[in-house]
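Take a look at the following structure, please.
So that you can tell them apart, the chains are marked A, B, C, D and E in the order they are listed, and the count of residues begins at 1 in each.
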Amino acid sequence: GQLVIKGSTTVLPYAQKAAEAYMKARPDVAVSLSGGGSGNGIKAIVDGTTDIANASRFIKDSEVQMAMNKKRYPVPFRVALDCIVPVVHKDNSVKDLSMDDLKNIYTGKAKNWKEFGGPDLGIVVVSRDTSSGTYEVWEELVLRKEMVTPRALTVASNGAMVQTVAGTKGAIGYIGMGYLNDAIKQLTVNSVLGTEETTRSGQYAISRPLFMFTNGWPTGVPLDFINFIFSPTGQKLAREVGNVPVFNPGN
Amino acid sequence: MTYPAFRKERNMTSAGRRSLKEKIIKSIFLGIALASITTLGLITVFLFLEGLPVLQYVSVKELITGTLWYPTREPPLFGILPLIVASGCVTLLSAIFSVPLGIMTAIYIAEIAGPRTAEIVKPTVEILASLPSVVIGLFGLVVVAPLLQRMFGIPVGVNLFNASLMLGFMAVPTICSISEDAIRSVPGSLREASLALGATHLETIIKIVLPAGASGIATAVILGMSRAIGETMVVLMVAGGAAMIPESLFDPVRPMPASIAAEMAEAPFRGSHYHALFAIGAVLFFFTLVFNLTADYLSSRYKRKQLSG
Amino acid sequence: MPIKMSANHLSFFYGDFEALSDITLDFEQNQVTALIGPSGCGKSTFLRCLNRMNDLIPGTRVEGEITLDGQPVYGSRVDVVNLRRMVGMVFQKPNPFPKTIFENIAYGLRINGVKDKSLIANKVEESLKQAALWEEVKDRLSASALGLSGGQQQRLCIARALAVEPEVLLMDEPASALDPIATQKIEELIHLLKASYTIIIVTHNMQQAARVSDTTAFFYIGKLIETGETDVIFTRPEKKQTEDYITGRFG
Amino acid sequence: MNTIHQKPAGLQKRRLLEGLFFWLFRGAAVVNGLALFVVGYFVISNGAEAISWEFLTQPPTDSMTKGGIFPCILGTFYLAAGAICFALPIGVASAVYMNEYAAKGRVLRIIRFGINNLAGVPSIVFGLFGLAFFCIVLGLGVSLLAGILTLGVLTLPVIIGATEEALKAVPDDYRKASLALGATQWQTIYRVVLPAAIPEILTGAILGLSRAAGETAPIMFTAAVFFTPVLPSSLFDEVMALPYHIYVLATAGTDIALTRPLQYGTALVLIVLVCGMNLFAIITRSKMRKKLKG
Amino acid sequence: MPIKMSANHLSFFYGDFEALSDITLDFEQNQVTALIGPSGCGKSTFLRCLNRMNDLIPGTRVEGEITLDGQPVYGSRVDVVNLRRMVGMVFQKPNPFPKTIFENIAYGLRINGVKDKSLIANKVEESLKQAALWEEVKDRLSASALGLSGGQQQRLCIARALAVEPEVLLMDEPASALDPIATQKIEELIHLLKASYTIIIVTHNMQQAARVSDTTAFFYIGKLIETGETDVIFTRPEKKQTEDYITGRFG
């Protein structure tokens, strides 16, 4: 059988991991996977050129309308959560920032770490490309519709964010939780540490759900794949790529 | 011996079919040649076709002079001035590296090096030209950026300066090889005349050869800058990507090609962002067209001068 | 002897410049006619009118008439390709193709659609013999023609022209790029060939004209000054200009 | 009266200045070599470890943090070879028209002008064009074919330029000789001019090939994908490609530091491919030119 | 007359090819010496040895000695720049710089560090007068030198050479590209100049050699066959080869 998956780059690492594991389990199925962004994924469902569309946001009304016109019924599955955590250079003494602090930093109002009890060091704001899903979350939840400072460095991915923040003393950035490593330091937000639990429970403020859409209720291979995703094995994979599983699959 | 194979058509007339065939072949070739320039036309058409709709969302003036590039906000802000300025800055700054380096290398190859040495230096420059831009970008990202950070004590190594440096090296081969042609095409008799008057080789180069090859060298410079302004991967990887008007050498910037490359993949098809990116493409195309036209004009003038001189 | 080719009131223009004016001249069959005159007087231009090679130069114009066997060469129904097969040409600088010796000669046959291998081989041999080159090259027919000496190359070009069995042979200073021995061979060859061809030769070399030609025509600044039997022209020319030129007083 | 042994006052200074400047010029040449050396050394010294039989023949695994780059090699090969298959006939035909058939005049000037400008269009603009025209208008989507066509258009001016040079280098004598034998123009072109020009046209094609293989921007939106586990089986499949793979690993991978060796390895493969082809073309071309002269 | 320059057992090699062998020849001050001989015999090569222009050709080698005022021209302490300033040269094809007439003449002064404007202007005028060109160009000194006729250009080149005040003037077929009237002007000029300069001239034109020179040297295949007073050489040459050449039997 064949399975085509398209869409969100945010979901891509998870989808890829899942696809690899799925193909190992079902050698007769060839999964083809590509990015293109949430919008293009949903458009592909509407056009019928994909079996599964990844999206880092919910379907828009206008897209539902288009789907109806073409007699297609996109069905959403909330496959994982994306928990986004602010990170700084590992030598930075700052530990916690409030949502307002983050906003001030990202709009360019705050310029030095000493305003937050840190060292006397200029803040280097690192952000993601404005079209990225992670940026959308950040913009919506942290910036609350204010504009990120144009001085912000932009990087293309979580990985690049880690690289940049790790290599830059004054940097602050934000990444999907799974990308955390020793080279960088996670900050608590409003004194809450972003973890799987705090995210699932909604205590931690900066997160969003990730979706896979099928065309109508899935049958056959797509159904099998979705079932795989929701199996503990599938959910563990979400954890591996840095997303938060929708339920605790155990270790 | 006689050969009926062609003795039989021994008269000058006839052969209508053959000439028809010739005509058909010729028109096929014309067709193909026209088709290949039609692509240029098509490029223009599609850039405008997909770029113009952005004017539903912004006016031309706002587009060109707006300083805020927030293409995914609601409502989006499409000010591409920072991108244009960034492109201009990296291009000019890279010219500061590439122009002297390119021309001096050209002088070395054409005037100073012996034929053996020239045979090594020239391919070196050509190979430099063939380095894939993504590899240069990688180099800038992994090697040059940390180096700059350490050397200048700056917070980030991916910035205007880094991008210009990389672009500069990419433009050197273009500038060098075209300048070299220009220098070589200066008649040897002028060189001899100058040397025979007791001028040193350097004086001959600077006062006679370079002025005589000036329009060719100018063409080289412009084509080199044209290459720099259109180059994508380097500015995508090492310019920093901040859509602001730079105030210092070490500010991160977001030149036009970088914006297109970074955002196009995820811009919703035929949405405002998509159209805006095509509009940037059109602006970029316009810039390179101006460069190319200037180069074309200069080099045709230079050819004419050579023919008459 | 019957008249093979003739020019009637021929004028030729490069753009506005009249390179030939009002030339009337006949060429008898199986005779060698030499065209002489100072540099730039239009000899080559005239020669190229005879097989319409001038057609290739844009912006040129012909007035008057040239006939081959009584038929107008510039007639509207004339196919230049056919004309050029009947009126062969040898150039000043030997110009063999960068092919083998064999293929150089075979070329003319192949473009005429001859496919029969033995026919081609026979004709190649015959032409090379006619051009007095066979003995020198018969063992290396498949070597590159570019490896031959200048004189051999020129004879190869003559053989190549003969292979398509022209009726008239035009030669534009065929020996001027050659050393004295090669020149002598070419001159001997012209003697042999005139039995089967009508030959028109341009030369700068008075001695050569005197040696090889039956008839001589003297051109001067685009005009035909005098024509007649070679003996007469070289001993008792009618015109002062001819005499001046022949005795080396100018040119 | 001075003699040749006494240097006049100014001459000493002029000679000094000359020496100084000549060292500068030499220095400039050395900088180029150094730049090539440094980049080459960087890629080779880092990339060599990554190269293994597995690396060259296996697909990437573990979210592209392990495994090889075989699909990228294959994809780049398909893209570049396809682009040349598309551009070579069209490019050669265009050049033949321009050089052999067209009368000097307006049409030729316009065509040549168009080609010159085509050569100067930035590669990202080709990418945009490919996206709008091939992917969308022609409905090819993101596919091998769309990438091939985009890269084909991009290499067209390279091919045309090289072919024109090659045709110009064919002496007019050959054409005249052929026409005077009663060959038609097409016979002359086909049997004499093109065979004489073919080696140089082919080196031009190799240059085009290497250019197509090294480009990233034009295939970004038209052909290349981040990851596809299947090898392209039709022209309408998406492909992975070496340059895009480097870009993706270096800027958008899941763990960039971890995949550095893969990045260097891929860069090494790409450089060997592209610069190797280039070097080959440069060397054969210079050999050919020497043979022509000598 | 004292000897200004002389060659002693001079041999010259282009790679392995010996273009000059064992030439010994003196040039007297304020005399015109003509070098004659068939094409390729080495006249230009010899001339270019005198101001070391041959240094520019890679792979060449000199044996023997040339002296200027008794000092070796190829001595290790000699700066060629200085030498060439003292031994001026005029070439076969006029080669004015693509600058104004004034700047062409001023060039030699400027590179020698002359900055004083009135000095330069005076010298330009003087040189142009010496070269008999002043009257023709005085009203358009700032026009491009490329707009002059061939003969004027050649005189400009002579003026340019004179402006740096050389002591010896080498001329390689200075009139061969010119029409008869321009040639006559150049010849007259040579007559005038020999009062102040030592002149060595290469020419193909026997009449010219006879007209302008005091001494003539006849070269043949790289060897100096005969040298002596021009009258003698042209009327009673000692060697058969010289006589053959002068009477036009070869070359």
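Here is the rule we use: a contact is a pair of C-beta atoms (placed from the backbone, for glycine too) under 8 Å apart; a residue touches a chain by one contact, two chains touch by 3 or more.
Chain-to-protein mapping (UniProt): B = Phosphate transport system permease protein; C, E = Phosphate ABC transporter, ATPase subunit; D = Phosphate transport system permease protein PstA.
Since we're looking at a predicted model, the values are computed, not measured.
Note on connectivity: the fewest steps through touching chains from subunit A to subunit C is 2. Between subunit A and subunit E, the least number of touch steps comes to 2. Chains touching both subunit C and subunit E: B, D. Between B-D and B-C, more C-beta contact pairs join the chains of B-D. One finds 47 Å separating the Cα centroids of subunit C and subunit D. Per-chain Cα centroids separate subunit A from subunit B by 38 Å.
One finds 50 Å separating the Cα centroids of subunit D and subunit E.
Residue positions of subunit E with contacts to 2 or more other chains are 81-83, 86, 111-112. Shown for subunit A are the residues that touch two or more other chains, namely 9, 35-36, 155-156. Of all residues in subunit B, those that touch two or more other chains are 18, 200, 203, 265, 269. Working note: touching chain pairs come out as A-B, A-D, B-C, B-D, B-E, C-D, D-E. Against subunit B, in their complex, subunit E makes its touches with residues 51, 53, 56, 58, 81-86, 88-89, 91, 93, 95-99, 107-108, 110-112, 146, 157, 160-161, 164. Remark: subunit A residues 9, 35-37, 39-40, 43, 122, 124, 129-132, 135-136, 139, 145, 147-148, 150-156, 164, 167-171 touch subunit B in the complex. Those residues of subunit D lying in contact with subunit C across their complex are 103-104, 171, 173-174, 176-184, 187, 191-192, 195-196.
Listing the residues of subunit D that touch subunit B in their complex gives 14-15, 17-18, 21-22, 24-29, 31-33, 35-36, 39, 42-43, 90-91, 93-94, 96-98, 101-102, 110-111, 113-129, 131-133, 136-137, 153, 156, 160, 184-186, 210-211, 213-217, 220-221, 243-244, 246-247, 250-251, 260, 263, 267, 270-271, 274-275, 278-279, 282-283, 286. Those residues of subunit C whose C-beta lies close enough to touch subunit B in the complex are 68, 71, 73, 75, 77-79, 81-83, 85-86, 109, 112-114, 116, 119, 122-123, 126, 164-165.
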